[in-house]
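Each of the next two complexes has subunit A plus one other chain: subunit B in the first, subunit C in the second.
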Partner chain A sequence: MEELKSLVEFVKDGDDEQAIDLAKKLIKHSKPEEIISSLTEGMRELGDKFERKEVFLPELLIASDALMEVMKIVEPYLPIKKENKKTMIIGTVAGDIHEIGKNLVGVLCKAEGINVIDLGTDVAIRKFIDKAEEVSADVIGLSTLMTNTMKGQKEVVEQLIKEGKRDKFKVIIGGAPVSQRWADTIGADAYCKDAFEAAKYLRNLK
Partner chain B sequence: MKKINKKNNEKLTSCKRVMVALKGGKPDRVPVMPFVRDWATKQCGFTVEDTMNNVEKYVFSQYYCARSFGYDAVQDLGGVHAESEAMGSKLKIHKNESPSIVDYAIKDYDKDLKKLKILNPYKDGRLPIILEQIKRLKELCKGDIVIDSYLQAPFRHAAMLRGNDIYRDIIKKREKVKELLEITLYSQIIYGTALVHAGADVISISDPTSSGDIISRKQWLELGFIYTKKLVKELKKTGVKIYLHICGDTSDRLDTFMDLGIDGMSLDQKVDLEYARKVMGKKFPLIGNVSPTNLMYSTPDEVAEESKICIEKAGKKGSFILTSGCGIGMDAPVENIQAMVDTARNYYY
Partner chain C sequence: MKIQKKFKSVLTAPLMGLPGVRLTSTKINENYEDADIQFRSLKALYDKYHPNFMFNMMDLSLEAESLGLKILKPDDAPYTIVEHPIKNEHDLGKLDIPHPQKNGRMPIASKVIRKMHKTFDCINIAYIIGPYTLAGLLCGASTVIKNVLKNVVFLEKVLEFSSKVIDIYCNELINSGADMICMLEPTATGLSPEQFKEFSGNYIKKLKSNWNIPLILHICGDTTSLIREMIKTNCNGISLDAMVDLQHAANLISSDILILGNIDPVRVLAFGNKEEVEEKVKKLLFDMKDTDNFILSSGCDIPLDTPLENIEAFMKAARE
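After this line comes the complex of A and B, so read on.
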């Protein structure tokens, strides 16, 4: 138990070397589900600190790096129950190459047990929709950091409506220039102000 | 929409007006300078690509828009990331989107730092093109319209040489980041001085990398602040006016901006100008901060109202320039930009 607590602290501090060593040790005598749920809980605590502006993006980045490393060690031990897993497609919309926020969404949602498919940056509308259909995604997550490219989020929703596929997927949006108002305007299901909110949305999704 | 006051009510030239505001004074009316590059090229029927490598087209787009919309500055925003390109990062120019760095010069500090060469403004990358743009703008504007030149802050320049990993490095490889910052500081002193020699009246130092939404006040003070302050100190020797723009919510560090030696601070729309005025005092020149999102998607009346609120909050007694809180998108409706400009042009002191 103490060791698991230490692992969570190492991850939260972004100390990947210590986290990896300890995870390798722990996995031999702990339940992988327990490790993952402790880590997820730890990341939520970090999210609260982020909300209170006690930590900023650099701290989140190194913590999520460490989390990914530990997940790589733990995941092979997890029993496979794919059918229960929710699937999310994420990407930064066409014309925009910003990726920090989108990547954080990916890591945090993975930690919540979501099957995340990251299409990268500068992603065409068509690609979002085709991929979402191909993998029967539950959620499409659209990121953008520029006012110029906000329209890409709108166009994905419009195209889904046009093709009669709007009800198949939840569409969530995020990024510095967008807001709840923008989500309402374009008819997205949710606006998430940061990666932690996106993870929470996926966690609570029925 | 209110009718514009006749031009003859304007007692000052644009240049004089902006300078008075940046000295903490009260000009004839509120100065206004929208941050436009792609938007201006579109008004002239050019693509972004057209203007990135063609001096005449870029200069025309800036001059034409400043004249026909009646605002107070032309800008060399074509220079975004140009210093980092000149020092080895690869810039991709898109037909109708903002240019972006696709390959960063510093992949491995140990190998790449020593290969890094300080830029030569008259030779490297697109820097000579930008200097030429400034010269041409200066000839056209004849000291009437302000020439506002873009310079990356040392920390921004470092990020454009290193990529997003710089945010990890500031915790894990702090000493290497500082080594890089010494180099970018030196290069910005040289390039900034070249901007002044080419004709810049005002230098806008831009530091989105130090966004208040991304790094803490402490990280800002240890990295962005120190090197920007050194840069400002050197460039002030030329007599040029300097303002700084930082993105995001910087409400927790507004006091630090007053110690940089800058002539004005351009604030993101996330900062409440009333609060900024309170913290930074009655005289400190503030620049901002109509939301670029609203400029793109609101109605002209809403933009006019928001612009008026900005002026009331921070510019009632001068020391204020009205603009957007960040760069304006290409597709922002003409009527919205005009609404912002007209609000300032109708606000006489």
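After this line comes the complex of A and C, so read on.
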């Protein structure tokens, strides 16, 4: 379908105005699941280009903004399938107010059909754990950009262990200064080097 | 800058200020707000470790505060900017270029540099923010990253303004006795080489042409793809983070440009043990043994709660 292809291209190019106009038209005669699935596929292609260093952070950010706008239009038309939906709590750890990476993870995971609850930035350990329990989250996603706040990720895992709740949630971490080794050190379930890897992790989670 | 060959052992330039706060049992905010306290903490580090290069305390909120931005000031962590109020040219027009002897904490940093210049028998380096990073604090980081594609005209205006602020402050630091400037440009880390050149590198190059002392450029993260553009700024050295392969970097640049790096400040220095620190430093020194322009440093700022014995191990391994 040509129009759907165009929509995906507008989103990938970060052309939010054209994407919004076309999405409003398309939703009247297309299945919302088809739109979402094409968009997700398009974003994965963009992710591959990012991996190959053919596109960079500015291209990703404007595409994810456009994706978010289109999601707002399409989401109300999606049938509600709560039982199978996975839930992820996401936030930037205490002391750190950076949110670019976390927001990208949120948008891409939403497009994968994940119920994403974004706690924002500078999130206290207690808040992560309490919210995860309250909504029976499957995954807790911890983001940080600064070397001085990385330890916040470690502290969340430690607190979960201390309270005997470590097995209740998968903990995934990300952020510029962290690595697989850091995930191993602190006992996180996964390190995701970018938002696309996080989306893939959630997609493949049994 | 062929300074390395004069020395028998490798030169050391750990990006270290915060651990000094612990040596003097003070609070981070006391060190940011009082030049005498900050200098005491730096002197404690200098006396204990004697690195070849000393930096003042890293502080990415200083220039933004002098422009009146709202700052979160915890007593036990570095400051952060809470609001990024510049949304358009009208907002930008309301900002005044700060007076470096009057506004915010610029006079405090200058005083620290004067004291370092008088007291430390080493190369004293003053930190300054990069133009793209300051633009990011003014407008919001995600805004300036998107504006690379969405609103170039406004972004360029903010970068020109940021450059003016940086130039004026830097000249004050030079007059205060800084031997070198280390520019911190972390927000540029996600840009393509071409985007970096257009929205950061060209501005840095212009600034550098106004300054008569050497410039080290530090960008956090994996900057491998930016190295070629970083050195086109005419900087005299680059400081690279822990995820960059320094041997590869050394192959990309000429021997008259210093390479500072890149022991992992968190995984190795803050959370490793002293044996691990020693092993990593020795491995890096071995890898870089043929690189005369190499200076041993940390990949980024060394965190506050880094065990002091790890810093000791870092310095000891370098001297052996």
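Here is the rule we use: the second predicted complex is superposed on the first by the 206 of 206 C-alpha atoms of A that agree within 3 Å, B and C clash if a C-alpha of one lies under 4 Å from a C-alpha of the other, contacts with A are read in each partner's own complex, and residues count from 1 in each chain.
Just so it is clear, a contact is a pair of C-beta atoms (placed from the backbone, for glycine too) under 8 Å apart; a residue touches a chain by one contact, two chains touch by 3 or more.
Predicted, not measured: the structure shown is a model, and the values here were computed from it.
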On subunit A, do subunit B and subunit C fit together or clash when superposed? clash
Partner chain in contact with A:I97 - subunit B first, subunit C second, else both or neither: both
Check the residue A:Q180 against both partner chains and state whether it touches subunit B (first), subunit C (second), both, or neither. neither
Contact residues of subunit A, present in both the subunit B and the subunit C interface: 14, 53, 55-59, 61-62, 65, 95, 97, 99-100, 146-151, 176-177, 179, 182, 185
Report the residues of subunit B in contact with subunit A in the complex, numbered from low to high. 38, 94, 97-98, 100, 102, 164, 167-168, 170-172, 213-216, 219, 247-248, 252, 292-293, 295-297, 326-332
Within their complex, state which residues of subunit A touch subunit C. 14, 53, 55-59, 61-62, 65, 95-100, 103, 146-151, 176-177, 179, 181-182, 185
Help me check something: in the complex, which residues belonging to subunit A touch subunit B? 14, 53, 55-59, 61-62, 65, 95, 97, 99-100, 146-151, 176-179, 182, 185
Hey, which residues of subunit C end up touching subunit A in the complex? 18, 72, 74, 77-78, 80-82, 141-142, 145-146, 148-150, 189-192, 195, 220-221, 225, 241-243, 265-267, 270-271, 300-301, 303-305
